[in-house]
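As written, the chains take the letters A, B, C and D, and residue 1 is the first residue of each chain.
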Amino acid sequence: MSLDRDALAARIADDIPYGAYVNLGIGAPTLVADHLDPAREVTLHTENGLLGMGPAATGDDIDDDLINAGKQPVTEHPGAAYFSQADSFAMMRGGHLDICVLGAYQVSVRGDLANWHTGAADAIPAVGGAMDLAIGAKSVWVMMDLTTKDGASKLVESCSYPLTGVACVSRVYTGRAVFEVGAGGVRVLDTLGSTLDELRALTGLELS
Amino acid sequence: MRTKIVSGLAAAVDGIADGSTVLIGGFGLAGQPLSLIDALLEQGASGLVVVSNNAGNADFGIARLLAAGRVRTVICSFPRQSDSYVFDELYRAGKVELEVVPQGTLAERIRAGGAGIGGFFTPTGYGTLLAEGKETREIDGRGYVFEKPIRGDVALIGAYRGDRLGNLVYRKTSRNFNPMMATAATLTIASVREIAEVGELDPEAVVTPGIHVDRVVAA
Amino acid sequence: MRTKIVSGLAAAVDGIADGSTVLIGGFGLAGQPLSLIDALLEQGASGLVVVSNNAGNADFGIARLLAAGRVRTVICSFPRQSDSYVFDELYRAGKVELEVVPQGTLAERIRAGGAGIGGFFTPTGYGTLLAEGKETREIDGRGYVFEKPIRGDVALIGAYRGDRLGNLVYRKTSRNFNPMMATAATLTIASVREIAEVGELDPEAVVTPGIHVDRVVAA
Amino acid sequence: MSLDRDALAARIADDIPYGAYVNLGIGAPTLVADHLDPAREVTLHTENGLLGMGPAATGDDIDDDLINAGKQPVTEHPGAAYFSQADSFAMMRGGHLDICVLGAYQVSVRGDLANWHTGAADAIPAVGGAMDLAIGAKSVWVMMDLTTKDGASKLVESCSYPLTGVACVSRVYTGRAVFEVGAGGVRVLDTLGSTLDELRALTGLELS
């Protein structure tokens, strides 16, 4: 059994506490926004300079001056505020955001994150805000598939891809299970119906 | 009467020298001063070092400067985009140098350049490829990387409204890198969508005070 | 419905512990959160480290805290004023410690505290008494002093208007140290003259976004 | 012959170029503002967070929220802008101000400035923005008496008072003469009617 991407986004949304300030990384993590209960009054930050971001803009609401970090048109909520990128990254780096949800190529059992560079010799390096997001929020959660298309585990003993941040991730959400990572190593928080043996087989890790 | 407003884009970019470091505002298209970049292309300066968040989109803006061979080096956080084919090709051909800087570090380095700070320690990038060769320091148990200020000979700013004193306001997320870049260049040139009368901009809401701006052009 | 607005000053300063480092906004009286300081006096916390530009005027505000013996250390740029007799007497009697920091360095250290910067090099104070014992470095031929961030357990902020989300705007020169202090404390408490409805404050003109503020009180 | 304080302020005002951004230190330098020709469009900065400061406020114009660095009520000109002290001192430290006019206890021939601390053992140290102003503007001018009440020169070979900034002053305005100081030593720019021998006698310096 496993959750599809949308169900996983819903699960993450459900784990975000009332009133939290949250940054959702480019890609799959943006799906989490669609599942946030408005009654929970979660405030979304986008690092290009807006706190209080609303849903994607469509039709006449599209405004070229109002985009998210993925450069997609978005909207603003009442009570929003705009600021420069120096102020926006000061907000991130200064530890003011509660949670940041990011995609990843690999996460290590001690919480190292690799999500900016495949390490391929001909790749053009492009980091954007990835390294700032990795180390800025009070909690950094990763949303990813547990394995690559080739079946290799993305939750690893030690990242083989270039790191984005060291010992920065605390939780890893995959369709197969939810993991805690960090100084104490890896622990399964929720098997999502998988057995521990299945997860051990998929990851090659000692899990408990 | 004193005015920083210049008539026309040619006057706005007049005198930019070959080899200049040019800070260019914008995040993607939002706040990117396209008309000033086009004017710079027309003006002809070459051997430029461009500091911007991205390295050009499709065939306009920074991508036009690149395509014309005017850019020696790009300092940016995110060159690779779905439509950054001009940069990609030049880079792979070894025709443009690239320095990749984490986005928040880029913003902070430019702020430091405008604020007279000689350098600072940031936790961003510690333990990664982008910290290789850089001074690091452990402060209160956390690892930090030493980063230096960035200053430009010229800054090209995309603002919303500006007055003859050079005061500027921006619109929504087009603010992005523009306010720091305006402070960090010897010659700061702002394109605005609308010229405001002096006193029209709320003094509490001016984001870039006129002292930081040398030329304003409506474009 | 979520609100950061608390009713009454006692609730605003609830839980401030003995020995706390308290950042207090204001330059002279402008933007000094007098009612919050009075409430802190009432609340009773002692052994405080107060970080503010001045060390109190006459018999009110920070001077009252000092007179009541609640302050162990003052970190400020300018303690000596025509009416700073409370501080002067305590200082001469050895009853309060003083760390003098150049005003711009104080502002920048607090900003660094809120921005996650581990320290920075500033030219201010190089070659002076206030740089003695501090790390220095020559960068591009100029002397710089290494300065560390300042963070508070609590910040007391004097703002003009605020909403239930914690968004704040200031009025004229009462802005001063308040915006940086709001970012640099574990618990940020703002007094405002007027409560605004959510959406009333222009998102382009909000100076302190609500994320930095924990409690708002009309006072 | 010598200029009184007001005439000296007028002389300084006359030396400030068209369109300059200027910070006038607390004390005598504030007198310069009264002599600035409005047609010259000089913009005044006050380091507590205002660019475009107007004259002192009186009567109904007094607003407790609008003060200068000396905490006196002032006014704002159209086109003014308010900012935080971090931004204000970034403006100063970053070299954006053209001229700063400061008072001084002593200035050395190479441009060292002493204006914050008498060095007296029982003095309570209070620096305020003095050290930031000393090193921030493109040109730092000092306005002071040439000698103390006791007749000691305040323009000295080497400051005996604690320094505010090193090699930062470029010009010294006194009622007896105007001097250039710096790496090249001291030079008289304008004798204001004094003779060089008079100035040598007053200062004890080799002057030319």
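Just so it is clear, a residue touches a chain if its C-beta (ideal position, glycine included) is under 8 Å from a C-beta of that chain, and two chains touch if they have at least 3 such contacts.
This one's a predicted model, so the numbers in the text were calculated from it and none came from an experiment.
Asks: Sort the other chains by how far their Cα centres are from that of chain A and give me the top one.
Replies: It is D.
Asks: Tell me which has more C-beta contacts between its two chains, B-D or C-D.
Replies: C-D
Asks: Express in whole angstrom the distance between the two chain centres, defined as the mean CA positions of chain B and chain D.
Replies: Between these chains, centre-to-centre, one finds 34 Å.
Asks: Calculate how many whole Å lie between the centre of chain B and the centre of chain C, each centre taken as the average of the chain's C-alpha atoms.
Replies: The separation of the two C-alpha centroids amounts to 32 Å.
Asks: For chain C and chain D, let me know how many angstrom lie between their CA-based centres, rounded off.
Replies: A distance of 28 Å separates the two centres.
Asks: When the C-alpha atoms of chain A and chain D are each averaged to a single point, how far apart are the two points in Å?
Replies: Spacing between the chain centres: roughly 53 Å.
Asks: Residue numbers in chain A touching 2 or more other chains?
Replies: Answer for chain A, listing residues that touch two or more other chains: 76, 82-83, 90, 92-93, 136.
Asks: Enumerate the residues of chain C that touch no fewer than two other chains.
Replies: As it turns out, chain C has residues touching two or more other chains at 108, 111, 115-117, 122-123, 170-172, 204, 207.
Asks: Which residues of chain C touch chain B once you look at their complex with the stated criterion?
Replies: Within the complex, chain C touches chain B at residues 108, 112, 115-123, 137, 139-140, 142, 144, 148, 169-172, 202, 204-205, 207.
Asks: Which stretch or stretches of chain C touch chain A in the complex?
Replies: 1-2, 111, 113-117, 163, 165, 167, 183-184, 198-199, 201, 203-204, 206, 209-212
Asks: Help me check something: in the complex, which residues belonging to chain D touch chain C?
Replies: Of all residues in chain D, those touching chain C are 46-50, 63-68, 71, 76, 82-86, 88-90, 92-93, 117, 122, 124-132, 135-136, 162-166.
Asks: Using the touch rule from the top, collect the residues of chain B that touch chain A in their complex.
Replies: Contacts found on chain B: 27-31, 53, 77-81, 87-88, 91-92, 98, 100-105, 107-108, 110-111, 122-130, 143, 160, 170-180, 207.
Asks: Could you pull out which chain A residues touch chain C in their complex?
Replies: 18-19, 21, 41, 43, 45, 51-52, 76, 78-83, 90-97, 136
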